[in-house]
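In what follows, structures are represented as structure tokens.
Across the two complexes that follow, subunit A remains constant while its partner is subunit B and subsequently subunit C.
Take a look at the complex of A and B:
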């Protein structure tokens, strides 16, 4: 096909054609002495004759000596603001007279045409597609907006001061993924069609055959841009390299400069973390869950009741960089960096990730192996909208722990969890402590506002339930082997369904040893179950407490003291506080158990539970998706790492 | 029975109480949900004895006579929430904490012997434990409503300790620090204001005080690199929230010759 061109003076026809096809046109425009992305009326709103000069922590617009319409590098805004708005309503809820209603919030998916998408930014959109559209759970709002969006890409024939798209393989040319592509060549644009929708718009344009040599001028321009990138970064080996250097002194060095202000993450076109906020009226009748852009640089990102996982700025910068350039590959099969340079320009103190990476590389220890991304799974839609269920029975286990039986027909695997919520109060992850297909049991300790309100529910009360989510105890791998179960405190709850399964299948599980530790005899959970299991000749049950009165006849001391004589072919299932799990697995390994036959159940800040909000990350994993149950050797490196 | 609300004032400008009155659309609903037992600014009803389910306390402890008021408020309140810069860190009047108190008194007042003040303007939390601190000079009315709503329905208030930068970027404001070279304390300041000043092309002057984990040293270094003399950097950290420990320490560091 002959190359086609659109005269610069005819660019208005593109706006007309896009509007005729139903699109609202958004793109770059000069506003407040910066080039921002906003609604465009026509070509007159494009920043003709403007460019930008950028450095670490600085950005200034300048006049060019020509009238180029796209002669500038990317600015603070990215297209993420349109596809993944900074605030979005997710779920609306209503509670009245004991009835509870959950419904998805209304969504605005008016089709947008993105005019002037650079290679790095188109790659960034495709990176976010993997988070919100290509995993097991599909974000319906993002999905609708993305499918409706029309992409007019623009080649970069000049590189910016902070660009390194050539290093990341995302630019400077745009070769695929667009509906239309423009290459600005002085008085005309070379036009390429990339889709049927693009062809339909192109058919409305006064295109002419491009002069001979325009294709060559495009290639030369791209070569020139590639040769003049403001930054470079060797990226292919970064996942293993960064995770092999979690103790590198450079993390302390950068932490002294880093403000943890989160600007890098919010201007990043691929960063996807969000918080889920519960909002309500004064009476709690009308409530909703909203999301807002969040960042791994905030304390709330890595915080649950009673634990702050990344208290220091060092922990947060390291989380960001190891995720962006490393863990992302394990999570989504692609780097989280597209080389756009925004994080360098918009860092108030000018921290340059290419410099930080180079400094780590210069004195690095060897790389480590990283896990591959998960296999594709069938998509589930509306993952954030809870089902309404009712409590049918409440059993008080201890002073501050109850077990709710909830009528809910669902299949689950022992070890998985549900998100349980109340409209005006919030939602928390709670492991499944048992179930029979018609109902599920959840054992809840009242520690915070949400768990306290859940623990106060009575039979007949309604609540919201989502799930089940996450990985399960490896009960099939345990078949025919001795099983050692080590539980601490409420950590027995996520193991209860597994223990019941083993109790119900005597031929598969010939020997089960349960070692259970609690603070005091009054804190012991499931005392009926403990007696039932202890009565089974295949089970050996040992219970220990930290403190006890004179009438206690069992063991006193930490649970790890009970870990002796571990059969060499055993499988161990461990659940409790993180510290207790660490000591337990160490004791099991010291007793001869290989780490790949020890399993632990992890807890992090699970807010969405569907691997979208990014808050429960543990190195290359999402605890909600790849956990909560992990084979110990897969996370051993992170387990003892402070601040992960 | 409706939960009883008290709004108490110490040394302050009353702006925090006015913020509550600014909740015009919600005021009737608040009045219906709560029994307003005591509200210095808004009501002639005077019931300081309690008990109260929720007490909002405004102002710093600046006079000896305020000490028993604070102790009484704590003893009589199920939940005590300190609102505003004064109640939480001593406020603007804590600027006197750096000066000679006796000298000030004789300079300002014709008859200083009638004045009974403490040498330092103190936050409420220095005298009694508080259940929640809502920051801002004055606090944001939406955040104040959130604190009241959260109390009524029994959730944790959704008040984040993040930097102003997050609100600024969510709003799409162009960064004044990076794009115009305007010194901005947003990166070390707690969000909640809605990034009002940067949205009007002004630097943040931290009327919400230090955020969690504020790296004031790195920002101060950057302000000096951008040409501000150390004394001017010190002055910026010694304003409304100057007595807050991270800002106090930073201004002391920059003040040294």
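Take a look at the complex of A and C:
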């Protein structure tokens, strides 16, 4: 097929054709001294004759000496603002007369046509597709908007001052993933069709055969752009390199400049972290959950009930860069950077990630191996809409801990968790402490607003439940081996279903040792279960507390004191406060257990539980998706690393 | 009785570094003590004259808190030392905790004066004994620090 061209003067026909096919056209326009993305009426709204001059911390629009329509590099907006809006309603809830209803929020899926999508930005859309559409859980809003969107890509024949798409393999030309592609060649556009939808729109355009040599002019222009990239960055080895250099002095250096303002994450076309907020009317009858862009530079991003996992700016910058250029590959199979340069221009102090990477590389220690991305899994839709369930029984375990029995027919594996929520209050991850197929048990410690409200529920009350989510204790790997279970405090709850499974299968689990530590005798959970397990001749149950009165006949002292005589072929399941797990695994390993047979259950901030909100990151992993149960050797490096 | 002492010493990791002859010298100073439940080994304010090694049963260390119930600090089991402060140079400090048998217990008891004299006279034995005492004290210190962290407490 011969190349086709559209005269610049006929560009209005493209707008007409897109509208005729039902699209709303959005694209670049000059507004407030910047080229932004907005609704376009026609070619007259495009920034004809404008370009931008950029540097670290600098962005200025300038007149060109021609009237090019796409003669500028990307600005602060990206298409993520349309596909993953900065604020979006997820779930609507109604509670009235004891009845609780959850429903997905209404979505505006009016098809958009994106006019002027550059190579880096099309790559960025495909990066976000992996987060919201290609994992086990599909974000229905993103999915609908993305599938409906029509992409008119534009080649970059000029490179910007901060561009490095050539290094990242995302540009300057657009070779796939578009419906139509335009190459601006003075008085006309070279037009390429990339899809059936593109062909349908193209059929409405007054296209003509492109003059001979246009294809070569395109190639030459792309070569020229490639040769004049404002920045370069060697990226292929960055995951292992950055994670092998978590203690590099450059992190302190960049932290001294970084303001933790979050600009880089907001302008980044691939950053996807969000927070979930619960909003309700005054009566609490109508409530909803909204999501809003969040940033790993905020304190609350890494916070759970008072503890902050990334207290210093150094921790947060390192989290961002190691995620963007490193962990992303393990999580999604692709780098999170497309080389658009936005984060350099819009950083108020002009931090340039290509410079930071080069500085780390210059004096780096060896790279480390990184885990591969997970295999694609079947998709679950509407993962954020809870089911409604009712509490059937409440058992008080301690002063501030209760166990709720919730009528809910679900299959789960011991170690997994549910998101439990109340309409006007919020939602939190709670491990599953037991279940029989008709109901599930959740043991909840009242530490915050949501857990406090959940712990105050009474039989008959309704709540929202999502899940089960996450990884499970490796009960199959424990078959036939001695099992050492080390639990601390409420950490016994996520192990209870595993202990019950082992109690119910005597042939598979000939020897189970439970070592349980708590603060005081009054803080012990499941005392009747402890007695039941202790009565089983295959079980050895040892309980120790940190503080006790003279009437206590059990052990006193830290739980690690109970870790002695570990059988060499044992498997250890460990759950409790992170510090207690660290000391316990160290004691187990000192007693001869290899780290690959120790498993721990991790806790991080979670808003979605479906690997979309980005908050529960633990290096290359999401705690909600790859955890909460991890084989210890897989996270050992991060376990002792401050700021993760 | 001394046969029981020798067998007990042989079974403990604590004395594994010693030669047969050294172990015999130590055994000559030791005797077995069988205690009923709640028997007191050490009382707050007393200077301990003995060093014990727990063989069977458990021993509880507790603190008298004025105006409050007695607080259990630590329970000690097989192979652990009770009354290590008796091995400190004179004047021996007074015990800051009580030690009592939490259940019927069997212990290996050394007269601290005899033991210190043996360690002085035979530095080979002295080195092994003092290193064992130091290891026990060091472990106790680490565990106390972990207890101080109060990891199960509510975070702010």
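Remarks
Here is the rule we go by: the second predicted complex is superposed on the first by the 644 of 644 C-alpha atoms of A that agree within 3 Å, B and C clash if a C-alpha of one lies under 4 Å from a C-alpha of the other, contacts with A are read in each partner's own complex, and residues count from 1 in each chain.
The rule is simple: a contact is a pair of C-beta atoms (placed from the backbone, for glycine too) under 8 Å apart; a residue touches a chain by one contact, two chains touch by 3 or more.
None of these values were measured; they are calculated from a predicted model.
For the composite obtained by overlaying on subunit A, subunit B and subunit C can both be accommodated side by side without a clash.
When the shared chain is aligned, subunit B comes close enough to touch A:424, but subunit C does not. Looking at the shared chain after the overlay, A:266 reaches subunit B, while subunit C stays out of its contact range.
In the superposition on chain A, A:355 contacts neither subunit B nor subunit C. Residue contacts after overlaying the shared chain place A:277 against subunit B, while subunit C stays out of touching range. In the superposition on chain A, A:313 makes contact with subunit B only, not with subunit C.
Of the two partners subunit B and subunit C, more residues of subunit A are touched by B.
Judged by the touch definition given at the top, the superposed model places A:88 against neither subunit B nor subunit C.
Superposition on the common chain A brings subunit B within a closest Cα-Cα distance of 13 Å of subunit C. Interface residues of subunit B, counted against subunit A in their complex, comprise 26, 29-30, 33, 148-149, 152-156, 158, 160-163, 165-166, 169-172, 174-175, 177-181, 184, 186-188, 201, 212-213, 215, 217-219, 221-222. Subunit A contributes residues 305-307, 400, 447, 488-490, 517-519, 523, 544, 546-550, 552-558, 560-561, 576-577, 579-580, 583 to its touches with subunit C in the complex. Partner subunit A is touched in their complex by these residues of subunit C: 58, 60, 62, 69-75, 77, 102-103, 143, 146-147, 149-156. Of all the residues in subunit A, the ones that touch subunit B in their complex are 31-34, 36, 57-60, 76-77, 81, 86-87, 256-263, 266-267, 275, 277-284, 292-295, 298-300, 311-313, 345-350, 424-426, 448-450, 452-453.
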